[in-house]
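Note that subunit A is present in both complexes that follow, paired respectively with subunit B and with subunit C.
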Partner chain A sequence: MDSTIASILLLDGLTNGAVYALLGLATVLVFTVTRIIFIPQGEFVAYGALTLAIFQTGKVPGTVWLLLLLASVAAVMELFSRWQHHRSLPIALKAALKTLAAPVAVSLLAIWAAPQQWPLLAQAAMSVAIVTVYGPLVYRVAYQSLESATPLVLLIVSVGVHFALTGLGLLFFGAEGFRNPSFWDDRFNLGPVAISGQTIIIGLTAIALIVLLWLYFERTLRGKALRATAVNRTGARLMGISTHASGQLTLTMAAFIGALSGLLIGPTTTVFYDSGFLIGLKGFVAAVAAGLSSYPGALIAAAFVGVIEAFGSFWASAFKEVIVFTLILPVLLVRSIYGHNADEEH
Partner chain B sequence: MKTFKTLIAVAVTALAASAAQADVKIGVSISLTGPGSGLGIPMQNQFKLFPSTIAGEKVQLIILDDATDPGKGAANARRFVTEDKVDMIIGSSITAVAAAMTDIASEAGTVQLAGSPVGVPAGKDKWLFRLPQSNTVMGHAVVEHMKEQGVKTIGFLGYTDAYGEQWLKEITPLLDKAGIKIIATERFARTDTSVTPQALKITASNPDAVLIVASGSGAAMPHMAMVERGFKGKIYQTHAAATQDLMRVGGKSVEGAFVVSGPAVIAEQLPDKHPSKPVAIDFVQKYEKAYGPNSRNQFAGHAYDAQVVLEKILPVALKKAKPGTPEFRAALRDTMETMGRTVFSHGVMNWTPADHWGYTLETGVMLKVVDGKFKVE
Partner chain C sequence: MALKPQSLGLLVLAAAVPLVAVLPLPDFWITQLNYIGMYAMTALGLVLLTGVGGLTSFGQAAFVGIGAYTTAWLTLNLGVSPWITLFIGMVLTAASALVVGVITLRMSGHYLPLATIAWGLSLYYLMGNLDALGKYDGLLGIQSLSIGNFDIGQGRAFFVLTWFILLAFAAALLHLLDSRAGRAIRAIKSGPQMAEAMGISTFRYKVTIFVLAALSASVAGWLLAHFQRTVNPSAFGLKMGIEYLFMSVVGGVNYVWGAFVGAGLIKLMDDQLQVLLPRLIGTSGSYEVIVFGVMLVLVLKYLPDGLWSMVEKKLPRRPRAVDWQQAAPLPERNKPALGELVLDVDRIRKQFGGLTAVNDISFQIRAGQIVGLIGPNGAGKSTTFNLITGVLSLTSGTVSYRGRRVSGLPARAIAREGVSRTFQHVKMIPDMTVLENVALGAHTRGHKGVAAAMIRTNSDEERRLFREAQRQLERIGMGEYLHEQAGNLAMGPQRLMEIARALCADPALLLLDEPAAGLRHKEKQALAGVLRQLRDEGMSILLVEHDMDLVMQVCDHLVVMEFGTLLTQGTPEQIQQDPKVRAAYLGTEH
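This part shows the complex of A and B:
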């Protein structure tokens, strides 16, 4: 191995690492606020990339129909629980309509826009919008009524949601994969290494998103409310912060990050309906390495996972996944020896 | 009272007789969900076009999904032999699943017509017949072509699963015999986000050609990675990649690729003297009439060939025994072993007691991707 190969591998690893970092951040975010280990994170990646791929063919993606279905279920659940609570039809109807509003608006726009062959960027924005509104609906349908359950129960629900979304993905997108067109085709030669425009987009988007997240949590009231929920749920509720709203907001952000990651990797690899799981799992490894609590930790760990994966594929491609996932063992060992098991109090 | 008893006896005999003349039941277990669904769904499409009667006998297909799960496949096979009492099992479309069904089928004395190239230890395939070509038959065509092209060294870039492993195992002796060396062996998975490191390593060892062992749209990514890394040698693809998906995903990058294939998917282009030409054209026309232009698929072709088998063996077996009996199942097996030269859409099949693979070495056809289409080399 010479320095050329090493630098190409490093670049490849960091590019993938940037995507894992985004997913790792989303995993940390969801866990700290809701205590859900959010396995379906990867499905949003596949949904984002494949929704764009179907838009490219000029058809209405199946995700739109699922969105409408999911929104109806969520609306009925909302109607029912509000009715039980307030015994007032106007309040219940208003809540249900509020749940329906965004998904229906996005779906109608998508159905109208699909045959018009919009430019790539507009279709990309459309895809992100569709997948993002999945976030609160998934929370409403699958998690909200179990909010105060133990992390184990929430984990089991996550596994169920993961299987449901993967199966539906097969139904909508078929078994074959898609590759999206590149957002930026130019290549730049930096010495021996050729950097593609897409790589630059991935890097910049990852950095921008991380900065935005930081600003959001430090500077906005809602961001601070989420942090408060993460620190102490009961305390936050006493301060008038709704845990329902926090959960839905968190999953909206997670879905947004997932969909964006999907658009980022869509042009660099072939995405299948089940591609998301493994990508999400690598983000999860990074998140676990960071103790499911530290954002900068997850970021560094994700870059590390990406680089290890690249070098592992070069030296022993048959054992690549083994190498990546074995990494988590020493980390867990160190964490359980030196950690204070603070998570158990929940 | 006596007349009543006689009546019952008559009724029972009549019922038994009608049961004995029951339909021919065939249990089909294929992967309609899970990672192998890309292969199982086209087979199911073809089975939907199956005739309802063959040789004047009603044929009932019971299609179950095995979810690309060997455990589920075994459970399906168990259900076929105990509850449905089928006369023949077809499936699975995935090697690992089909292998899990083999023991159950042979225990029950039921023919298993696998839609995947299942390798089992010698002597264990008494009841097992395969519809697809063995990798050796396909590998033969690849190696012959490499010899013609003057290839001396190759790199291997394959799936980390049974498909990749079997290809490597079966093509290595063929390559040895031809004096071609494998100088790099790299693996990847279908859902990997990048194959750049593996492509780098192969490019660094600079072989004359690369053999990519992958299926469908999954075969495009490694191909593109090799091209992107500036690999100038020849790139070969296996028969699982011989679908339009390779070009749909790979686009310009897969131009000039050599893809080995069964004859079915390139029916029209086959030379007139190729025995499979009329059968393959019949398959392609009927399938594409139902599922749209360019929907043809290697695995749908295997399902079509299952029908060819049944049309040939059912008339013979029906003379020997009644459907639903062990004798009938044994008759099916014996007839398959002795049916002789039979033209499939995928080549010429000749099962014998010693060989349950059956295809001749001339079956594999080498294609080249030219302007986004397959052309016979």
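This part shows the complex of A and C:
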């Protein structure tokens, strides 16, 4: 291997690493606020990429129908639980309509816009919007009533949600894979390495999103409320912070990050309905390496995962997944030796 | 001795197996039962690991894979007999489970499932890419199992083999759960603190049950390889690992029979859905995962204890037959002579960052003395307590017990020396009886481990442990509660039960953390009586308590703390007269 190949691999790894970093951040975010180990993060990636791909063909993406279905289920659940609580039909109906509003609006827009072949960026924005509204609905339907369950139960629920979303992905997108067009086709030569526009977009988006997240958590009241929920749920509730709202907001952000990652990675690889899982899990490996608690830690670990994967696929391409996923064992070993011994109370 | 319902169920099933084999059932159903048997075996491991131990693994399928590939490769390439490869597979499985377990089980609970996800994935890709293992096509033409020239690898003969192994494992598991080791395993789930205070190494038991669960999967893999006569990676991927967890959760992850119910239900549903759904939808594909995913969420929401819990509720609960009256008493440690120095706390200090929670506290306890540790809220009493028992580490200073330095030792080692404790918030296993909870206290006085429990060579020791537990319960006046579920007790009896559990360890020093909190007046009087009686028997006691009546009544010596420092110490009379103490509790006049 000469330095040219090495630098190409390094760039390749860092590009993928940037996407893994976003997914790792989302995983850390969801875990710290809700204690949910959010396995289905990857499904949002696939949904995002595939929704754009279907828009490109001028059809209404299956995610729209699934969204309407999910929103109806959530609305019925909301109607029922409010009715049980207040015994007042207007309140219950209002809550149900509130649940339906955003998904229906986004869906109608998508159904209307799909045949009109909007420019790529507009379609991309619409794809992100569709997948983002999945976030609070998934939380409402699967997690909300189990908020006080142990992390272990929530993890098993996550697995169930992952199963369901993967299967539904197959149902609504089919088994066919898609590769999205690049957002920026120009290439720039930087010494021996050619940097594509897409790489620059990935890098810039990742950095922008990380800065935004940081600003949100440091500078806004809502962000601080989420951090409070992360530290102490009961305490946050006593301060008037709703854990339902926090959970829904967190999953909204996770879905947004997932969809965006899907758009970023869509032009670099063929995405199938079940591709998200592996991509998400790599972000996951990074998050776990960072102890599911540190944002900068997840960022560095994700870059590392990306680079290892790039070099792994050069030297032993068949075994690159083996290398990436086995990597977690030594990382955990180091953590268990140097980390403080978690003497947790259940 | 009357049979317990569990054992009776096993016997009935064991008798039914050969019967089913000779019945004119269609071969299709025998094949189904064979698969259900192998799946149930793997799911049983999860009952032990997840239901009883509170740990979760998605890696069961990977361990099935190790068992299957080991026997496949060895029988095909080296011509080794399957009866030998079974054990080689188990050794390999145990080794890899040990590595994963040792690495992840020191950390908090969710690292094991995460590590097993990664581990399951990498093993899947490894199997799928190694030339020697036939890549994604797998290995074909594996021999059927046989004894001599008699083929037992298919159909009815295989059914009998699989189900006898399965029932033997279920029996072993039932025995294990009702034993010294089993009680220790059941203690893990509610957090390590109580178990460690009973002298139990929670880490060792966690690794043990993880390895045991992996071994059950490995045996199932061995059976699977020789039954299907072919192995390929898809049966051992993460999806299958999740399905095993699904089986045990749906069936009832807390119950041995839940694994049977879950495995049966999921196998049958899987078959039906794989045919039905593609026909409904119009294209082929594994749509059954949608149903499984939704079902998993629904089960966790509405039936978190699984299907078997509904059956279990209907089953009669019979109290344990008392058969330990004649058992030999457990050996006792030699006790310090009256007045001998038992605990020497020398300038201990604990800092949390910039906060000094305990500031150079010193005091002593002599044999046959009750020392009260008092002070206003936030004075650092509980921290002091945790420093002595080894739950927290000292910043500086030393704690010596009977002349031996114990500071720096882990909590369980201090417990083994003969220092027993109770907890401010009662820590017990609510679904075990009072007697079983108390027997947990005698853990360090027994020696029979997991293997002995599984093959039932521990009954003599079990009887001795129960005899001791009953003796201690009667000692503190709880004799009529033996067979009550601990979770049903009121606060007062719960606290007394904790004291009995601590006494079961045969301690020379008893540390009681607010034993009177939440007790009624009568119960407090009874507690005072118990404490005085223990002292008269030569026990040394350190009492952290807010109830001044009780403290003044029973203590020989008081240590008063305020803001982490030692305010004063002396007899109850001296303390009552001390203006500094009054100021600390009531404030000063200005």
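The working rule: the second predicted complex is superposed on the first by the 339 of 346 C-alpha atoms of A that agree within 3 Å, B and C clash if a C-alpha of one lies under 4 Å from a C-alpha of the other, contacts with A are read in each partner's own complex, and residues count from 1 in each chain.
Assume contacts are C-beta pairs under 8 Å (C-beta built on N, C-alpha and C of every residue); 3 or more make two chains touch, one makes a residue touch a chain.
Quantities reported herein were computed from a predicted structural model and do not represent experimental measurements.
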Inset, instruction - Figure out whether A:160 sits in contact with subunit B (first) or subunit C (second), or with both, or with neither. - result: second
Legend entry - Contacts of A:9 with subunit B and subunit C, given as first, second, both or neither: first
Legend entry - Which of subunit B and subunit C A:322 touches, first, second, both or neither: second
Inset, instruction - May I ask you to decide whether A:314 touches subunit B, subunit C, both, or neither, giving the answer as first, second, both or neither? - result: first
Legend entry - First, second, both or neither for A:208, with subunit B first and subunit C second: neither
Inset, instruction - Have a look at where A:170 lands relative to subunit B and subunit C in the superposition and call it first, second, both or neither. - result: both
Inset, instruction - Name the chain, either subunit B or subunit C, that contacts more residues of subunit A. - result: C
Inset, instruction - Considering only touches as defined above, state whether A:265 meets subunit B (first), subunit C (second), both or neither. - result: first
Inset, instruction - Would you sort A:239 into first (subunit B), second (subunit C), both or neither based on which partner it touches? - result: neither
Inset, instruction - Mind working out whether A:231 is in touch with subunit B, subunit C, both or neither, as first, second, both or neither? - result: neither
Inset, instruction - Under the contact definition given at the top, report the residues of subunit A touching subunit B in one complex and subunit C in the other. - result: 167, 170, 174-175, 318, 321
Inset, instruction - Report the residues of subunit B in contact with subunit A in the complex, numbered from low to high. - result: 33-35, 37-38, 41, 160, 186-198, 200-201, 204, 216-218, 220-221, 245, 248-249
Legend entry - subunit A-touching residues of subunit C, taken from the complex the two chains share: 50, 54, 56, 58, 99-100, 103-104, 106-111, 113-115, 117-119, 121-122, 125-126, 129, 189-193, 242, 245, 249, 281, 283, 285-297, 300-301, 304, 391
Legend entry - subunit B-touching residues of subunit A, taken from the complex the two chains share: 5, 8-9, 12, 15-16, 19, 167, 170, 174-179, 265, 268-270, 272, 274-275, 277-279, 310-314, 317-318, 320-321
Inset, instruction - Over in the complex, which subunit A residues touch subunit C? Could you list them? - result: 37, 142, 145-146, 149, 151-153, 155-157, 159-168, 170-171, 174-175, 281, 284-285, 288, 292, 318-319, 321-326, 328-329, 332-333, 335-336, 339, 341-346
